[in-house]
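Next up, some structures in structure tokens.
Both of the next two complexes hold subunit A, though its partner changes from subunit B to subunit C.
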Partner chain A sequence: MATDHRSAAGTPGHAAPGGPSAKSAGLASGWWKLDEKTRFSLLLLAPSGIMLILFQIVPILIGANASFRDWSLYDPQRTWVGLQHYLYILTDPNFLYLVLPNTLLLMFCSVSIGLCLGLALAHLLNRHFIGHALVQTVILLPLMVAPVIASMMMRWIFNDQFGVVAAVMDALGFGSIAWLSNRWPSFAIIVFADVWLWTPWFTILLLAGLRSLPKEPYEAAAIDAASKWRVFTHVTLPMMRPIMAVCIVIRSIDCFRTFDQVWVITGGGPARQTEVFSIYAYTEAFVYLNFARGTAAAIVGAVIIGALGWALYKTLNRFMEVSR
Partner chain B sequence: MLKRNALRRALTYLTVSCAVAAVSLVSPAQAQEKVLKVGYMKNVILEASVDMMDTWAKKNGVKLVRIPMAYSIFQEKVTATLTSGNDQFDVIWHNDDWGQLWAKWMATTDDVKGIDRVAKSPLDAFYREDGKLTVVPAAHTVGTFFYRTDLVKPEEVPTTWQEMVDIGQRLQKEGKVKWGYVGGMAMNSTWFSLWWTMWGNKCDIFMPLWERDNKKLAEAGWKPALTEPCTKEYVEFWWDAMNKWKISPESMTAYTRDEANAIFMAGDAAFTLIDSVHFGDFNNPKKSRIAGNVAMAPQPKGPRGEKPFAWNEIWGWGIPKGVPEDRQKLAKEMLGAMLNDIDGQVKMWNETGGPPPSLDAWARLEKESKDFAMLKHAVFDQNVGTHSAYYFPAWPAVHKAYSDTMIGALKGKREDIPKALEAGMDLIHKAANSGQ
Partner chain C sequence: MSAATDTGYTPPRKGSFLDALAPGGKRAFLFLCVLGVLLLFAFPVFWLVLTSLRPAWGVYYVHRGLEFTLSNYAEVLEQGVVVNAFINSFVIATLSTFFSLAVTVTSGYMLSRFTGKLANAWFGTIYIFRTIPYITWVLPLYFVTQWWGIFDTYLGLLLPHIAVHICFFSWLMKGFFDGIDPSMESAALIDGCTRWGAFVRVALPSALPGIAALSILCWLWTWNEFLFALILTSHNTPMITVVMAQFVSELGTEWNLMSATAVMAMVPALIVAIFGQKYVVRGLKV
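And then the complex of A and B:
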């Protein structure tokens, strides 16, 4: 194949070396140098690669370009303004003292509660009991519900007039609570919705982890007459750390960009009190129609979560190394 | 080498066959059929308006494609479509809130047949800088005060805020309702609590009060009216309504129009204020427990109000400038037919409660419909002193900043209201200048 290409490139009428045709000929040459299996694998990967480039990489690049320009949705001038939008965001007190703390708090609460509940449910499902399949299906149900639908459900469940929670509170004599019009109750509902949606995800991964653990350490612990709690803390948890670390990192990154739950349940309110990073970026881009500032906010958020994810991964990795 | 050549040949044959098949399948149909695509918010009134267009389309061999969208994404999606210059929609739902945002992207509509037979003042939001109109009205949207006829006699209907509080509390004490008044207050439902009382107290968002000329507002520096006594009075009214008199639920600061309507239709409130277009829902026994017991009245006045305030805006249709000339012409014909379809507009009113766009339909309905006469008295005959929005690009940002300031003030202590309003001055001023 390579010989065939060289002979073609050397024939009269072909472009000089270094020209576009020579480059494409070089690429083609590289392509045919690969073995058939590699070529086949690359061909299979090509559709998803193209989709990734078209629908992820290109929009990100367009967004990054827009963030340095005067680009409103209703009148896009596209004039270069440099770091103006980034400076606005990084000096905006709402972003620094409200949006970022809310985002990090949501991330911490949702991930830690989801992890604990997921671990507990994974333990439950790791045993055999009557109705195991039914319980497993019920536990996994939230994974099949779209976040928007789940969030609408939560909004009405906690409605102070018609909600189930209001009815129960009324019956218990507590009166109705204005859940959604106060900061912390509405924030708690957002956390609750997020935990409800994502605990099954933790459960599945941790259950897979539990089922793959070796039996020998448990047998040794049984010979030593270790209590169940000690077995859990001294055998199960250390062995589960790698999978828990992966869960924490992936889920933290995902939680940082939570949008649906917050938008549907509170819209960031009351008076921006539950606004998180994704709502901030969305509001700038699509409520104020300032596409440039919205994308700048999104990029600032991406940098923050990138750094945070990296730090989290390094910390957890070191923690795992030490525990070994 | 052989493999390569075979592969190339196969790919060439495949591409050519696909192209031939596509051309042979698509071209004849497209050549024969004229298609118009209408993008709109999913809503019974707009559906009824599109029905009128469809009647014309069927008679004239045009295929009408309906593209309904959720309100929450409509403005963003269509704005992006307009600025990209593509012709995804031939006709789009147009609203005074974004009338100025889209003005430069819209075709003119002064030449649409029947446009001279519509109310003029609601069109203010839709003129381009060159004085050309960019909308064809579909229906009027007017904030309307509704009351329960099974609880309140017509002569007892409150005409002032104080009377509304007194009657509401009386009905609550008698155990007839849970709440005196309920209305949306969260962002984008601001009109149904805060703003009707703001205008009803001769107040406004910016100084000079009730001014809508952007040049004059700019000359005044887009100064918010938050520190005016009239603002403090109406904010304190709502604080008291929720926390002291308890005629409205404390959670109302988080209610959208949907939640407020649900409470009213469940029979739990005596009064509400919402677009008149909900009259149909309120009287629909399948949806509402108070069907047949709802009437309209002029808005109660604040301490500074002299005559009941009302606003009168429209929903309309627009034609994007990016649409090719021939389809623009066709769209204008269709919208003209809708505007002159008086029977269709009367049917729209009867079925949905959407006030029709043509004054000819109004004249007929005044004689034929008791409900329309009631609406006319409640709204159109009152003090339509200003518009229910400002018409400049930064309006969405101003609305959000204003809503956040007010909700913040209402969630604090009563004595802190002036401080919260003072703090909002800079926020709203900045929002107003964000799009300049």
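And then the complex of A and C:
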């Protein structure tokens, strides 16, 4: 199976224990029939593989099984109901017109704002100025703060009676906004919290990318007296495309499953208007106590993000091929 | 053409717009940028710390009064559930960091050093499972851990926490080992080392800096984790993030106490941000 071992091509069978003791059981003899490299790689893989099977694959299979049954408290039989839960979710106006648009909009806003801000900050950090270390520390901070804590901060800052934003807006003569009791203001706070939490991640990765770029194209551009903006759009951006693509794909996939921020800031409210996909599945399972419908929703979401992630990856790949 | 040069007219040097606006405008602009960044990223944290130091009656009149107190912290620490939650979070974060690194270091090594069907299959698997949202497998785990009798125990939270990092860490570990020259291990093998010995004695020490960086991040991510703790624990094993989220919904008016709890929960993050920067930056390289 494992055909090529780069490190030890020259020592075939050197450390291989022969199989005299292995004739005892069929499984064991099958094990010793494998060549020594395969056995070693299987052993290396075993701990991770077993954990993955027990705690991800088995739960997903159980959840998939449950999603075809009536799993409510009053039905101990767990009656098989086929695709009923999936049909319910795919025709639920809450899911179609609130949850899905919210999730995708959050994904789009958070990733695009984070990428632009991250690129700007990476440029800022890529030059020398007094206080560089302080700025870098401050930018790194949100990366390590728990999303729950960050969301609490946002709730407190945007508190509509006693929050500092309300105080400032009052002082400036604007009326106060009831931030958390309307759909779009609360959604804006969620986006802000997400951007605050994840821009540093973009910054670090893009800064590493900037520092690894070759110097020659910049020297050529300087000789041609290109303006800074043209250098940015014609030299930096094309060379940064691969790492930006990786950032966008990873971050989009992670953003799709956002839970903490939304749960703490709005809890999906007001009136389910800021629910995102993870909250929807959780609410169906633990608030409406319909476990089967919750898992069905979770599986629908997994399929959507799987397809979306794959499409995004392909698009960005093609986009990079063309521009190269 | 030559007339222009004869008159001694030199076109103004093409400086930036900001320099034209005011002398030193560029430096001022840079300064403003830096200030804006500091305000955007540090202000929420600063505000939380400030609120945690205010007496209860002062919280709501922030722009007046200058009394500060530490009594919020004392009051929070008197609550048994908060102290328990801190202890639990610490234990789970530490144990899960140790075990998830131990489990993924071998599979990452395998990905880096072997090619063939098995390695390709594993790489594809972790790629797919990285995409699946947590809720898809944590929801069923709520029942699975109950059937196995480990719901709301350390074990019931620790094992999923180890599992969640497998995909991403195997990938990062592969990166660490890819950066190490495999010829040292071949030399060790020729000298009579076993494959396991070559891995433990030669490859592993060289990968330690990367692994150390990853361990810091892993500890923080587990400490900060919310969804698993919310679904897989109840009253017996309170975790700090869940306790704080409950504060927000239950005693939504006592912001001074909530801030004090949050600031204490933020201490590890602050320590790492200030002292462990370079490790974090190294560990994050994708």
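FYI, the second predicted complex is superposed on the first by the 273 of 324 C-alpha atoms of A that agree within 3 Å, B and C clash if a C-alpha of one lies under 4 Å from a C-alpha of the other, contacts with A are read in each partner's own complex, and residues count from 1 in each chain.
Throughout what follows, contacts are C-beta pairs under 8 Å (C-beta built on N, C-alpha and C of every residue); 3 or more make two chains touch, one makes a residue touch a chain.
These figures come from a predicted structure and were not determined experimentally.
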item: Per-residue touch tally on subunit A - higher for subunit B or for subunit C; value: C
item: Contacts of A:Val111 with subunit B and subunit C, given as first, second, both or neither; value: neither
item: First (subunit B), second (subunit C), both or neither touched by A:Ala292; value: neither
item: Touched partner set for A:Leu206, first subunit B, second subunit C, both or neither; value: neither
item: Contacts of A:Ala221 with subunit B and subunit C, given as first, second, both or neither; value: neither
item: Which superposed partner A:Val99 touches (first subunit B, second subunit C, both, neither); value: neither
item: Touched partner set for A:Phe162, first subunit B, second subunit C, both or neither; value: both
item: Which of subunit B and subunit C A:Leu119 touches, first, second, both or neither; value: neither
item: Contacts of A:Ile250 with subunit B and subunit C, given as first, second, both or neither; value: second
item: First, second, both or neither for A:Thr266, with subunit B first and subunit C second; value: first
item: Intersection of the subunit A residues that touch subunit B with those that touch subunit C; value: 1, 4, 159, 161-162, 267, 286
item: Of subunit B, residues touching subunit A in the complex; value: 1, 76, 79-80, 83, 101-102, 104-105, 178, 186-187, 249-254, 259, 262-263, 266, 268, 393-394, 396-397, 400, 403-405, 407-408, 411, 434-435
item: Subunit C-facing residues of subunit A, complex; value: 1-11, 14-15, 36-38, 40-45, 47-49, 51-52, 54-56, 58-60, 62-63, 66, 121, 124, 129, 131, 134-150, 152-157, 159, 161-162, 164, 167, 196, 200-201, 204-205, 208, 227-228, 246, 250, 253, 256-257, 259-260, 263-264, 267, 277-278, 281-282, 285-286, 291, 294-295, 298-299, 301-302, 305-306, 309
item: Subunit B contact footprint on subunit A (complex, rising order); value: 1, 4, 72-76, 159-162, 176, 178-182, 186, 266-267, 269-272, 283, 286-290
item: Footprint of subunit A on subunit C - complex, ascending; value: 14, 16, 30, 33-34, 37-38, 40-42, 44-45, 47-48, 51, 59-60, 62-63, 102-104, 106-107, 109-110, 113-119, 122, 125, 128-144, 159-160, 162-163, 166-167, 170, 182-183, 185-186, 189-190, 192, 194-196, 198-199, 220, 223-224, 226-227, 230-231, 241, 244-245, 248-249, 255, 258-259, 262, 265-266, 268-270, 272-274, 277, 280-281, 284-286
